[in-house]
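You will see chain A twice below: alongside chain B first, and alongside chain C after that.
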Partner chain A sequence: MKDFGPIIRALLRNKTGAMLIALQIAITMTIMVNAIHMIINRSELMARSSGLDEANQFVVAQYGYRDDFNEKYVVQTDLDHIRNMPGVVDAIQTNSVPMSNGGTSMGLQVEPGADKEGLGVAIYMADDHALNTYGVKLIAGENFDPTEVEFRDGNTREWPQRAIISKAMAEALFPDLSPQQVVNKTVYINRNEPITIAGIIDQLQAPWVGWDNVERTMITPIRTMYKFSRYLVRTEPGRRDEVLEAVKSYLESRDVGRMLFPIETISDVREQSYRDANAMQTILWVIISILLIVTALGIVGLVTFTINRRRRQIGTRRALGASRGDILKYFLLENFVITSAGLLLGIIGSIGLNIWLVDAFDLPRIGWIYLPVAMVVLWLVGQLAVYGPAAKASRISPAIATRNV
Partner chain B sequence: MLGYYLKLAWLSIKRNPILSALMVTAIALGIGASMTTLTVNYMMSNNPIPSKSDQLYYVQLDNWDPNDPFDEPNEPPDQVTFRDALNLLHANKAERQVAMAKTNFIVEPDNQEVKPFHARGRLTSKDFFPMFSVPFLYGQGWNQAADDNGDLVVVITKALNEKLFNGENSVGQSLRMQGEQYRIVGVMDTWEPTPHFYDVTNGAFGEQEDVYVPFILKRDLELPNSGNTNCWKTPEGDGFKAFLQSECVNYQFWAELPDNNAKDNYMSFLNSYVMEQKKLGRFPRPLNNRLSDVMEWMKKQGVVADDAKMMMYMSFMFLLVCLLNTIGLLLTKFVGKAGEIALRRAVGASRTQLYWQHLVETGLIGFAGGIFGLLLAWAGLAGVRHLYGDNLKPDLATLDMKLVLIGIALAVVSSMLAGLYPTWRACRIPPAGQLKTQ
Partner chain C sequence: MLSMQHISKVFRTDTVETHALKDFSLQVNEGDFVAVTGPSGSGKTTFLNIAGLLETFDGGEYTLDGESVKGLKDNTLSRLRNEKIGFIFQSFNLIPDLNLYDNVDVPLRYRNLSKAERKRRIEESLDVVGLANRMKHIPAQLSGGQQQRVAIARALAGQPRFLLADEPTGNLDSQMAESVMELLESINANGTTIVMVTHDPNLAARAQRHITVRDGQVTENEREPKVVSQLRA
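Right after this comes the complex of A and B.
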């Protein structure tokens, strides 16, 4: 530790170079901490389960445009056929699917009345095959009965009398009750229209991945007659692509006055939905990597510069008995001191930038763990960057001290 | 003098090729990252209609829930109801006005070879075309009578005209959509305002509509809803008519108001309109109408994505690191030049001349960094387009002439700023001491 004295005194005599490196380190740390925070934040969003059996499902949208499009008949016959196709586990007609970013939401409230607060909930409309097609688990209550499925068109206002909700929605509506206790409770839609909770499922996401309450969902026993609808098909594991082709050619073979949109697998839907998050992660990784390289090169440049200026001092120290290791240690230690000063500034910068990002963009706060991790990484980068020039300096011959003095 | 300085700079750069290359690289990386993200931000905050963006106003009326604002703290809904859109259109109190909604059509081409396909539709009124300066290839928009009677007329885009009529003049031809025969009255020339300002509720960077038909057809043909629909209470009564009479918002309304006087008058008209409606038991909230011009509306709606902004700030900090790096490298380089500087001082160059000489040198390095940086930005933008795919309109990630100039200027100015301190330090050296050791 006796080495610190000379290092500090030497640094104070030549502040500019050291300050430049310290500043670079500080800003690098600020960017790194916040960028990695954003990357991890996106990863957490992407890691959430949609509740679906994603690898074995696909969705196809249709729009009936001709006057002779008989939606009730067409959908029933399609579903009867598809459900019996080899490799198909189950299929439904529905208004939307998780991660598709388009759907319907309504408010549910525990007490009726226009002045009572409602909780937003995403609504999926499908028949009694819904749970099996989504691949969700009923944790309380019961599934719909086929007889309670209602038909709904654009002008229907009333909702079916029963609904199945997600566990998260049950907890939001009745924070103090267990799922079993929520079954058969009455909630109100449209301010005062009662709905009985038939069952609770473990988990199912709403269509909007950016929604804060993405876990709040409700399934209602409805077959839609909006002309526009989707089929969601679940297949046996590993048979998705084969079944997809079979369903496609079956649907295309029927001339019933509808237009089919391109079929999408749920994996496609997920990829599409999180593409922006993915892209941002990649861009931030690129920025962090180049940043570290630039910072390291800057350190190499400046250290080389200081070493060149101190060749004679180094030679003198060597002549006076300092070992190669001493010289190497000196520069490594010097860098450690400079880097540490930069990192102290960097902690302030990282927290400052995060406070601003939280304020301006509603980003979550950084966890404290980011700070020590970033510090260790930058210490290592600094030491690695200095090692080359310092090793070269340690090889300066003691004889140089005798020249040109 | 500049020519001489440039020559000296070039000699100096050649003398230290590695150091110079490092500096150019550092600046190029900083400029590359900054320009990539700046381009996306710049394009997203583009003024889509510069000639009259300050005369076009988006109308908001607060018909929302008395107990709960549409958006905190007290924001009115971002769209209007069908009945208000129609009432304001009929009132005709602005220089021009337009009521709009998004819709969908299935086009059934006469040519049996082409399968029916989906077309994005816009319900709108006659002023849309002159108001937003829409260019026409053939024909024109429709007239007042078509709006009043709900004539089956349609304006199509150049792309659709290419697809269906091989680009020939199709005005007067018919187009079959969802069982109705529409008469084509106009074919637009290429027109893709970015952002898609007139309906940002349904995506500021979404794709342009393919077909444009009179607004009133919404009611007459009971066209389906598309796009964002928000209701705070259930429509009273059944059927489509009840929905159109409801408090559900799904429509956009724009007014052209040439000056402040017109704007004030229109605002008082809106206020008296709402007071009138209050007598009918509507508009339970306090008076809260808004008029926002194009750029104000883009800002309110947060058209520039937060992600894009955050990445831009990160990149500019990155540029700062690169510049600090350059300062360090310049210090190194200029210290090596102490002898030369001393010599030039001794033979009569003034300090000012030396400052200029070195600023020219750093400027030249900055210029080279700028050029390479722009190449990197060009590659970076190709990467951004690839990463975002269909989620980002390609023209949002494309450099234009103005951006190229901004990039070079940014590189030159920032590297000259970075050169200030090293230059000052180098030129402060007293000549005598340096000459002695030679």
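Right after this comes the complex of A and C.
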């Protein structure tokens, strides 16, 4: 650090190159911090549990196209058969599954009336096998009775009298009550239609992964008759692919006037649901990498230029007693000073950009830890970038000091 | 002080081999003021570089202040340059972005001196060359003669036993050259050994000893030291 003072004074007299690099570092830090924040934020979203037993589940969708397609009969016989197939834990007909990005939502309110505010909830329609098939845990209340299951077609407006809701939904509706206390409470759908809470499950995500209230869900004892429906099948661990083939063969063997869509595992559903987020992450990593490379090359360029301009000066320092190590340290320290100036600007830029992103895109605020981590990374990048040219500078012969050309 | 015996130095390229110094021998004693002259390409600068430990040599023996410098590591050579030798260059070689104070401070920073000691030495040496009142100026704000005085102050601040001057007046007009020469003479009078490479026979004539280098060797007999000849007269 013995050259710190002279370096500062020399840089203040010769600002342009150093300022450009400092500015580049500031921009790199600003973008890097916010991009990594977005990546980590997305990663956290992607890493959330859907509540399903994802590794052991698949869905198959069907559409009954023939006039003689008897959905009630076909679904019941399909489910009876599939539930008894080897390796199957359970199966349901359902309107949707988590992460599929398509489903039904309604508003639930704790008091009836059109003037009362409702909370949005994703609605899953399935029979009493739903909890076992989804693989969710009932933490309060009870499951549906098979006799409660209602059949619903496109004209049905009424909702069943009981429902099971997620813990997150229970907390949203009744923030001061425990799950056990929420059981048997009445909530209202369609403004005035009462529903009794039969049970509370630990977790089950809504179909829309980008929804802020993705954890607010409700299972209703309904079998749909919309001609289009899905089966969700849960298998014993490790037997998913084998069972999938068997179910596929069985369904294809039945000529009941329906079209079967390709079977998707829940892993596939997750992958498709987060494909854009994954792509965005890749793009952000590429941008960060390019920025770091460009910044490092900028530093290499500036230092190389500076060294070529100061060859005699370096030779003179060597003649006056500087060791190779002193020259190396001089350039490393000079870069550290320039980088630090850039990082100070970068802190302001990072926070400023984040404030704008929070306002414009409703992103969360960056954590303070991003700033020191980014600073360390950029200091390291700077020092690594400058090391090669500085090492070369340290090998300049002191005899250059006596050359007069 | 400085003893070179049969020094040789060869510069090689793929096709050419140049013998810059051949069997070069010279003895410089404590307190000497030696002028080295010779035509261009004669080996003056090579001698200066080797004497100043800026360059290595291929053969012979070189002893500086009683210590053989042959085969010393780069760090040791740097330390010896810093502690024992002061350099004055033809082009002054001041660092343009640093003020005079920081320029004089450069060699002192490579020595573990306290800040107060460095300050004392810088102020003293700038005072010796008459520039103590311009410490915060940068070199570009000074004349050539003043810049060379700063370079001399930088050399003096390290309190070297041995000053090497490479054409110290080469870039100065006659008036400034005279003032720099007077300064060197006064430094020598205070006991510092000086070896000065110059093209100027008039300046060389003012030194105690004058040697001529030709084809990498000391070819002419040294004339008698000025003091001795004055005594005989």
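Just so it is clear, the second predicted complex is superposed on the first by the 402 of 405 C-alpha atoms of A that agree within 3 Å, B and C clash if a C-alpha of one lies under 4 Å from a C-alpha of the other, contacts with A are read in each partner's own complex, and residues count from 1 in each chain.
By our rule, a contact is a pair of C-beta atoms (placed from the backbone, for glycine too) under 8 Å apart; a residue touches a chain by one contact, two chains touch by 3 or more.
Values in this document were obtained by computation on a predicted structure and should not be read as measured data.
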Which partner, chain B or chain C, touches more chain A residues: B
Tell me which partner A:Ile27 touches in the superposition: chain B (first), chain C (second), both or neither. first
In the superposed arrangement, which partner chain does A:Phe305 touch: chain B (first), chain C (second), both, or neither? first
Partner chain in contact with A:Thr316 - chain B first, chain C second, else both or neither: second
Given the touch rule stated above, what does A:Asp326 touch, chain B (first), chain C (second), both, or neither? second
Report for A:Ile347: first if it touches chain B alone, second if chain C alone, otherwise both or neither. neither
Chain A contact set shared between chain B and chain C covers none
Chain A residues within the chain B interface of the complex: 16-17, 20-21, 23-24, 27-28, 30-31, 34-35, 38, 63, 65-67, 114-115, 154-155, 157, 190-191, 226-228, 259, 261, 272, 275-276, 278-280, 282-284, 286-287, 290-291, 294-295, 297-298, 301-302, 304-305, 309, 357, 361, 363
Per the touch rule above, chain C residues touching chain A in the complex are 45, 48-49, 52-55, 74-75, 78-79, 81-83, 87, 89-91, 93, 95, 97-99, 102, 105-107, 109-111, 138, 154, 158, 166-167, 170
Contact residues on chain B for chain A in the complex? 19, 22, 26, 29-30, 33, 65, 67, 104, 106, 108, 115-118, 178-179, 224-225, 233-235, 238-240, 242-243, 306-307, 309-311, 314-315, 317-318, 320-322, 324-325, 327-329, 331-332, 335, 383-384, 387-391, 421, 425
Listed in rising order, the residues of chain A that touch chain C in the complex are 2-3, 5-6, 9-10, 13-14, 312-313, 316-326, 397-399, 401-402, 404
